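You will see two complexes here that share chain A, one where it goes with chain B and one where it goes with chain C.
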Partner chain A sequence: MKKILTVTLGLLLCVCIAAPLFGQTYDAAKFKSSKPQSQWKIALVPKDATNAWFVRMEQGVKRYAADTKINVFQKGPPKTDAAMQAQVIEDMIAQGVDAICVVPVDIAALEPVLGQALSKGIVVIAHEGSSLENILFDIEAFSNEGLGQALMQVLAKSMGEKGSYTTMVGNVTNASHNEWADAAVAYQKTKYPNMALLAAEPRVEIMDNLDTAYQRAKELFKKYPTLKGILGTSSLSTPGTARAIDELGLKGKAFVTSVGMPNENKPYLKSGTVQAVMLWDSAEAGYAMLAAAVAVLKGEKIANGINLKAKGWESMQFAPGSKKVLLGKSWVNITKDNVDSFGF
Partner chain B sequence: MITARRFFARSEPWVLAAIVILSLLIQARSGQFFTGNNLVDLARAFIVPGLLSIGCMMVIVSGGIDVSFTAVAALAMYITDKILLQSGYEGNVILAYAMSAGFGLLMGALNGFLIAFLRLPTLVVTLGTGSLFTGLMFGAFSASASDVPPAIVAHGKETLFTAVNSDLGLSSNMPSQILILVGMLFLAFLLLRYTMLGRGIYAIGGDEAAAERAGFNVRAIKMFLYCLVGVLAGITGISRISMMAYADPSTFQGMELTVIAAVVLGGTRVTGGLGTLTGTILGIALMMILANSLILIGIPTYWSRAFTGAVIIIGTGVTAHQIASTHRSQRDLKKT
Partner chain C sequence: MKNEQAEVALPLIRRGRDQNLARLLVMLGVVFALMAVLRPEQFVTPANFGSMMRQFPEYGIMAIGVSLTMITGGIDLGVVGTANLSAILAAKLMFAAVPRGAPPEQALPYLALAVLVALACGLACGAFAGLLISRFEIPAILATLGTQQLYTGIAIGITNGRPQSGLPLLYSKIGNTEFFGLFPLSFLVFLVVAVGIAFLLSSSRFGMYLYMLGTNSKAALYAGLGNTSILIRTYMLSGLLSSVAGLIMMARANSAKAEYGAPYTLQCVLIAVLGGIDPSGGFGKIVGVTLAIFILQFLSSGLNMFNNISNFYRDVIWGGVLILVLVFNRLLSQRAERRAARRGE
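Coming up: the complex of A and B.
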């Protein structure tokens, strides 16, 4: 009898522990806040507090605070590190915030802590984390497929639609980066038959470090002399690779594009080593995440066409077949002609 | 005279052998290892960890361990970068090096004070100060990736020579920062070999009490040592940002473990008293060749970490085994 009880309790415990790991659907309507708006506290947790991309995002957070007078703030780990990011989120839960907006470093590492937040009634909104389970909504500037295709269009144009190329991601565990790269490769296979993915090294990892991007690019061009293009995802891939292209003397023979910040890429866009990089404005993304969190706290229904009040984020649509992932239309090609117009 | 047996009981020949085997493997797999431009690329990748390893090795020889030197390098270079940018400085890069070395000295002195005078354990102290310096950088200075002043940009463009691979039409520039590494290595060699201070570092690592009785000023030596590590870290900071023309405050994070692993791989005994600059250089060379040749060997990205880990385990394993068996044979000698 005692044995049966022990086993039953043990199983029950396992179920309780494992429950947050399985796909759950949360009812956003239950997250409506009963507190007055002036007492709300909303944290935005980026991947890395120091990366220029997220410094820019914080400007959107500050603008949102000024526009709405709601207590919103950004707090990120000092470097791109999954464990450190989970720690920051735990701290936010302990501080009793009403909503957490997060740009995840590593999906798997965050699921438990985000599940914990939701179970305490904290609204969780993600960005660049469409495969997260323990969130209410994930908002994307565009579909991962759309960006992957757009990146491939830029690279294909630079390469004259022919030759060998490979893909470069921040980390092989980074969900969005890999989805963009996958979509780009799929698009190339249907649209550009004269281009070919480098079979021996189809995906290279730069650990989100500029110097590593430079070193990996140099290695790639040495090992594979026929390699003509690198399709990057991390914003550090283009400046790192472009520096390698310039130094190796491959300007005009090898090409690179990725998501990228105007200032970091300006010298290479102006000199012609790089033709274009892609961007959505992280400040607008930060603003839109907070708007989504506030909409849930106010008890507004999140439906197709919802306006998150940021540029390119005015009419969000659910991704096909999803009730969690909302897609916007917010991207822009940065070229030598418009690189000076961003002010960052 | 060094007998063959004593020679092979040291770790340097084994690390050297590993480098040779790895080089031949890379050459066989890519045909690109022994090309001028590849060697220049490797030398370039060697500069920053090489500079950091000098201080790291001396601390381990003295019986301590320092895990804060990357944080010191990052904070020293970041404060220097910000001050020079804000003041619109357009002069020589030497001032940047001097300032950064100065900030490094201050941070090293804090380590030295806590370790030499309060006699706190080195690992705990440097874990604490490392965290403190990183925290100050992100908290007090709210650091983010930044441009660098024109003097540092110009310094980064200085090229000693360009190695051209005519087969592939590829070229690589040897950065002038390599001279700083060579200079620092030479000074460290003189210090360790010919000065009483240098011999003292070995002595306190071997047996602190015995060193004190023999007349070494243990406190002063430790204080000097941690200050020196700080200065070297500060210099390394400027070298790093000049080569990328971009000051990224998180660029050093995680590098301390690579450097410590390389120093141990090079035969420096973790408990102190034993270690050479030659071994350290070989250890760093092995780690850097490995880190920057996985694509050349043709190891897929998903396997690169497993491969690197295996080489470190095998490499340090061989070193540790060699040292352990030397001890055994010495013990056996005493018995008879």
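Coming up: the complex of A and C.
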């Protein structure tokens, strides 16, 4: 009995070892759907279900559903957690969706489950996940370099192009956030010689949490009295840091900018604590992801210049050297003058 | 608080607890029926059950660990920290010992060693928590809140907060094996753990000691039980189970990270309480905990089938369920005590 069990287990082990390894490149043309469009089901899985950014994204999803009559919906984990996001995707695969659009919490943790989706013929489109392997395409609102440079321009202008600054990312594991910050720092080194990156803490992590952003900013300004600026990436960096600036009485002496939502930053923009934040509209991004997924399902060729039918996403270009990452031109500076015009 | 009346009421409360199992079964049936009726083509499918079986073992095993500590009247909030720290140590060892692309027969012994290191780490983490609680008499909830922070902190320190990815392929291959194309290895591990711990509680001397200690620790001490050693062993067991959960999470994510699964801590406490473990100690069965795990997984996967219900409401539902169960159980045991008191007169 024991012998049989051992042999069976041994055989099973051999089978799973011999099974083909995770695929690395996928041919998008093979993901054309044979089902009629009315039976398609597409899920968009954001980082979490409650963050204002993703609530806004869901508006784009709903607009896409209304425009195309395709069954698309957004379903995020209850908290921003990699393990929980993987569970939601697992459930989506089990439900038999035709495409999954995802804004990953953590790249590494999602690779296995996304690989599983692709192996079942499910189209996988990512946003803010340019280094993911198990996807067909990743679409970004702009080149990471472009946004990083634009953020640095805003911060440099606020700081009078001199003084010490540091960078603040959502998670140190968030690929896009780090690329923006890297590009911003590189741009500063060539354009603003009188500014200097805080060597002791060049990259601060706020765990995508507003309160953590506030706490970290407060610590930083207390610990380093010469620190004049924070270049944030997460949309929570600016409101968190601005609160710290106000509380410490550093208004006009310390500055912050990041990607940001208009309403969250409105009080600080109006009071002058913050000069400008940058934004791409997550609703448009959601819309564009779905359009990309549908293009693949329809069997359309994804090539330079493809139109994803959302504002700023009309003419996508592949990132240099990439066959997976598509870049748009979808960003705006939000200042006290236009903050009211967004309606969200 | 365990006065004479309560002692008289013991058998009755025990019966009440068995009714708790019946209640859980009914609840499970209701949730299943509800989902099966509302989403028949999605819920009652092999794919969905496969998906659920891959999801719950990682937190289910931790919930069993938490349950054990709650039976002694304590709690273990350090399970997720222990799981991640163990997984990270194992991952570090794999990186150091196994060259990239090494053949399976070369990698296998090191993977086994890494697993052993993770389990040893779990035991050590648990032993430390147990020591704080028994020897230094720090309330379990505070001691393990501390260990959770400590272990997560160490894990962040070792890794700089970065995920440890790119494990040897063999590890996730073995970890994600599916038997008969349906039962994931993690599910089988969960079964072994659940049956093993259930047996330990019902039929071993150690199990009996746990219940005695949880019911009345002073009485247990005067009865000659080594409370310190029992508590330390309990938390070591919880730590060991956490490290098993950590190894499962690592296989599922093909990586380890200091903060994976942070929301699982409270979810585990919720499961234990829902499963009929008395938070003040002395009562509860693993069967109940297992049923509670199933209920939560059914609810979780089921809710994901309703496009219009945001997962935001999941917290509301779970929090509501937790409070209802606590209040309901308290009312029931009060009634049992009153009855017993009347009968005693």
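Some notes on this structure:
Going forward, the second predicted complex is superposed on the first by the 321 of 344 C-alpha atoms of A that agree within 3 Å, B and C clash if a C-alpha of one lies under 4 Å from a C-alpha of the other, contacts with A are read in each partner's own complex, and residues count from 1 in each chain.
In the analysis below, contacts are C-beta pairs under 8 Å (C-beta built on N, C-alpha and C of every residue); 3 or more make two chains touch, one makes a residue touch a chain.
Please read all numbers here as calculations on a predicted model, not as lab measurements.
Overlay on chain A: chain B and chain C clash in the combined arrangement. In the superposition on chain A, A:205 makes contact with both chain B and chain C.
In the superposition on chain A, A:223 makes contact with chain B only, not with chain C.
Once the two complexes are overlaid on the shared chain, A:78 sits against chain B and chain C alike. Look at A:248: by the touch rule set out above, it reaches chain B but stays clear of chain C.
Contacts of A:133 after superposition: neither chain B nor chain C is touched.
After overlaying the two complexes on the shared chain, residue contacts for A:314 are found with neither chain B nor chain C.
Of the two partner chains placed by superposition, chain B and chain C are both touched by A:49.
In the superposition on chain A, A:172 makes contact with both chain B and chain C. By the touch criterion defined above, A:214 reaches chain B but does not reach chain C. Working note: chain C versus chain B after chain A overlay, options 151-159, 169-177 or 241-249, clashing stretch identified as 151-159.
On chain A, the patch touched by chain B and the patch touched by chain C overlap at residues 48-50, 78-79, 172, 205. In the complex of the two chains, the chain A residues touching chain C come out as 12-13, 16-17, 19, 21-22, 48-50, 73, 75-79, 81-84, 86-88, 90-96, 106-113, 171-173, 205, 207. Remark: chain C residues 42, 45, 47-48, 50-52, 54-55, 58, 104, 160-163, 165-166, 169-170, 172-174, 176-177, 179, 249, 252-255, 257, 259-264, 300-301, 304-305, 307-308, 310-312, 314-315 touch chain A in the complex.
Interface residues of chain A facing chain B in the complex, by the touch rule stated above, are 48-52, 55, 78-80, 172, 200-201, 203-205, 209-211, 214-216, 218-223, 225, 239, 243, 247-250, 263-264. Remark: chain B residues 30, 32, 35, 37-38, 41, 45, 134-135, 137-138, 143-145, 147, 164-165, 168-173, 243-244, 246, 248-251, 253, 291-296, 298, 300-302, 304 touch chain A in the complex.
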